[in-house]
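Okay, here's the structure, questions in a sec.
By written order: A, B and C. Residues from 1 in each chain.
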Amino acid sequence: MTDNVQSVGLPDERPPANTVGPIAWLRNNLFNSWYNAILTILVLGLLASAIPPFLNWLLFRAHGFDATSTVCRQDAGGACWGFISEKLRFIMFGMFPWEQQWRPLVTIAVFIALLVASCDRRFWKPWFGLVWAAGLALVAVLMWGGVFGLTYVENTLWGGLPLTIILSVIGLAVAFPVSILLALGRRSNMPAVKVLCVTYIELIRGVPLISLLFMASVMLPLFLPNGVSIDKLLRAQIAFIMFAAAYMAEAIRGGLQAIPKGQYEAADGLGLGYWQKMRKIILPQALAIAIPPLVNTFISFFKDTSLVIIIGLYDLLGTAKAALSDPSWRGFYREAYLFIGVIYWIFCFSMSKYSQKLERDLNRGHRR
Amino acid sequence: MSQAMSQGTKPKHTLSGEEIIRCTGVNKWYGEFHVLKNVNLSVQKGERIVVCGPSGSGKSTMIRCLNRLEEHQKGTIVIDGIELTNNLKNIELVRREVGMVFQHFNLFPHLTVLENCTLAPIWVRKMPKAEAEERAMSYLKRVRIAEQAKKYPGQLSGGQQQRVAIARSLCMSPKVMLFDEPTSALDPEMVKEVLDVMIGLAEDGMTMLCVTHEMGFAKSVADRVIFMDRGEIVEQDTPDAFFSNPKSERTRLFLSQILNH
Amino acid sequence: MATETRTTQGAPPPGGVSFSLSDPTFRAIVYQILVVGAVVLVGWFLISNTLDNLARRSIATGYHFLEREAAFGIGESLIDYSPKDTYGRAFLVGVLNTLKVSIIGVILATIIGTIIGVARLSSNWLIAKLASTYVEIIRNIPPLLQLFFWYALVSDGLPPVRQALNPIPGVFLSQRGLRVPVPAPDPVWANMGIALLVAIVAAWGVSRWARARQARTGQPFPAGWTGLGLIVGLPILTWLAGGAPLAMDVPKLTGFNFTGGGAISPEFFAILTGLTLYTAAFIAEVVRSGIKAVNWGQTEAARALGLPSSPTLRLVILPQALRVIVPPLTSQYLNLTKNSSLALAIGYPDLVSIANTTLNQTGQAIEGVTMIMGTYLVISLSISIFMNWYNKRIALVER
């Protein structure tokens, strides 16, 4: 006869030694089957043969920041960081007058401060728009000058990182309201408006950005009345705005679609008109949902600014390429591309981490 | 064993005495967390067992060890004469004989109800399609959902989906059926239709292990009720004895909590 | 007044539209007329300016220039082309080059992306970490920068033709790209192509037969392996039957360049490598999230039924994962095709770069840009039509 009441309150025991601890971790995560064991060993071999030569090139055999190209060419076994230190200011600021280059530097700082502050939910208030406006005005003063004793700098001399950031941030800021209208238009029940918006969005999304830049650089001058001309930077900016508006409209449409029907019905029940309903009830929710995809759009947009090199503007990639065309530094493309690659990467990676975090927060909020 | 439990009351039906599940000294850990502690369990053919206990006590983990959806680290589990080890062939053999019904149905959404039911017979039992469909229809009739055979799971209510899930398991002609809280994801009005199907199965002599909080079901159908708490089997007894005269303090506490609801 | 507006907001009064702004139907019509009017007005303004400007610069509109002699050379072409050919043919060369790099790129990116996406889900910690490092690095660097890097690596990093690297006999690596031996012309190659087609048809037949037999008798048949055997084996048999020709056309260095063999230009190498590796990172994410989107409960249910791992994957996991994967995957294909226009920056003669040369030589800016956009729109449109068809198909299966 078994005792019905078994021993009560058994104590917790430690798991068997072979299932926990570093050895078990290795077995479970690296050697949990014969093919994983082979893969692990192969990958370790690959890393062992690739990482030391790379580190040698990057650090141990590299020439320091004071190296000249002659020295570097004599021993080509390591990176030549002298190239970066000599061309640093050109790559970062382009042809901006040398002694005025603190101005683009401050511009970069202003933009980064604005972007970082915008990541904080506490600042998602209407008054923060004013902060942005003030920041952009400050940037305009810094870059152009001509007031407050700053010498005037033509925008043909702008280049490097400030140009990359200006093209993408201004493009985004102007395209944003346009994209809201496009997204609303696409979901509108007025057929003519809907057709126009769908055509615009699909047209832009169906063609490569280069063709828009071409259009802006060769067709835009034809579109304007005789005697009116706009400069290259503005033309590129217009192309970017047209491009960004279509992609952002799609992100916002996703947000609008995610709003439950009940919200629309509730708003109608309150007797609100269309614009009131959108502004007070639908858009705030839709935009909150659309922020992660919008940030993703911005990331690809930030990378795409590098295409302006094709119409002859010198953004970060353009200045790096121009620096490489200096005869004494020709061939040091690894250093140049690694350097600007890291800059691009830091911007894009931090933004993508931020968008992932937002998405997680959003999901958590929804589940509650 | 069954005599031991039938203090006073008779078993509701006679059991063959043939053992189909035997767990001896089963222990399991999730990392450092000791989730199953020295579980000993023996189930006979045709026996109907209800497992209950507070949430997080390891009920799901225990029945999921029985078809190796979870791996135990110490002790032995023998199902129908086959011991569950790392041997993949044995695991597949056991899984064909053990059906399982999940809390969230887990029907295949891209297949029709009928296809859900014929998938395993065709690919595991190597049954001709026509035969598999015929059998599937007969089981679907038995769970009273044959007219929905061409529909997709997404078109059915929760109760209907769970009945399809039961039919899907039955199509493999399992020797044992495991149920993991089959009614707790259902709206109250659908609980009964699923319980009725389960009662029907019990009456046909299916060996069943059922994790559930439906105490009415336990009282009317079960041969034995097992109470688990903190990873161990605290008490097992006939429903009458279990509900009227619980032996352990922990069982009493648990019963007072759920019966007062 | 306000209350009145509200009560009339529902349906219009019977008998048609009332001409009052408080009537939603009437208001919608007015709005639409205003919007369309504004668009037409702006369009008219732009067009009249353009016509004005064109007249002033005496540029003739129209596509007649396509029939004129192009008078520029093109580095690589899939069809015969010489500078004596027309602009129209030059553009066709560009379109074919775009399609070539896109199609090969799509195939390679899909293979690499799938491997990396699956690797990110691997139970092997090292493999998973390596794959996610790859994705995080590649995704966050502009594709144009990557193209420049690959191009510089070939054109700057490799020796000139005279000192070409010769890693394997017959294979030469130099600034002019890669030269490899290719099989010498022989009728057997054409026959092998036919054999391959026959094998594909046969494999399809075998799989149908196997399915029917399994439905009848329940006995499965290894149709996949048989098909693979046919597709590999039949061409090899044909080759053996044709006398197993082994003669190769090996590249030789004569003077300043190579003759013979097959060539991969540095531009093609750079654009293909750049696009493939960049898109593969995105495809890896698509594949990973598609697989993760299939609930773990599905695998458990299949296991609990006794299904072994291969049918579980084939019959339960993949069909569900593919529905999540295919739509974003096609948009990645579209992105790759659009990004192939970056070829312009390194001198691969794709359609954009040839249209660019054309519009610089002829001054036909509007026509040039329209041709680029039109071609891409046709490609995009065909892909969206496929997408809609696919979505409808799976939507039908769902409900």
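Heads up, the rule we're going with is that a contact is a pair of C-beta atoms (placed from the backbone, for glycine too) under 8 Å apart; a residue touches a chain by one contact, two chains touch by 3 or more.
Small disclaimer: the values here were computed from a predicted structure and weren't measured.
If you draw each protein chain as a dot and join the dots that touch, every dot ends up joined to every other dot. Farthest chain from chain A (centres taken as the mean of C-alpha atoms): B.
More inter-chain C-beta contacts link the pair A-C than the other of A-C and B-C.
Between chain B and chain C the centroid-to-centroid distance comes to 50 Å (mean Cα coordinates, whole Å). Chain geometry summary: the mean Cα position of chain A and that of chain C are 24 Å apart.
Residues 28-30, 32, 36, 39-40, 43-44, 189-193, 196, 202-203, 205-211, 214-215, 218-219, 221-226, 271, 299, 303-304, 306-307, 309-310, 317, 321, 330-331, 333, 337, 340-341, 344-345, 348-349, 352 of chain A are the ones that touch chain C when the two sit in their complex. By the touch criterion given at the top, residues 1, 4-5, 27, 29, 31-32, 34, 37-38, 40, 73-74, 230-237, 241, 247-250 of chain B touch chain A in their complex.
Chain C makes touch with chain A in their complex at residues 6, 9, 28, 31-32, 35-36, 39, 46, 49-50, 52-54, 56, 122-127, 130, 136-137, 139-145, 148-149, 152, 156, 338-339, 341-342, 344-345, 352, 356, 359, 365-366, 368-369, 372-373, 376-377, 380-381, 384. Touching chain B in their complex are the following residues of chain A: 1-2, 4-10, 12-16, 19-20. Partner chain B is touched in their complex by these residues of chain C: 214-220, 295, 297-298, 300-308, 311, 315-316, 319-320, 323, 397-399.
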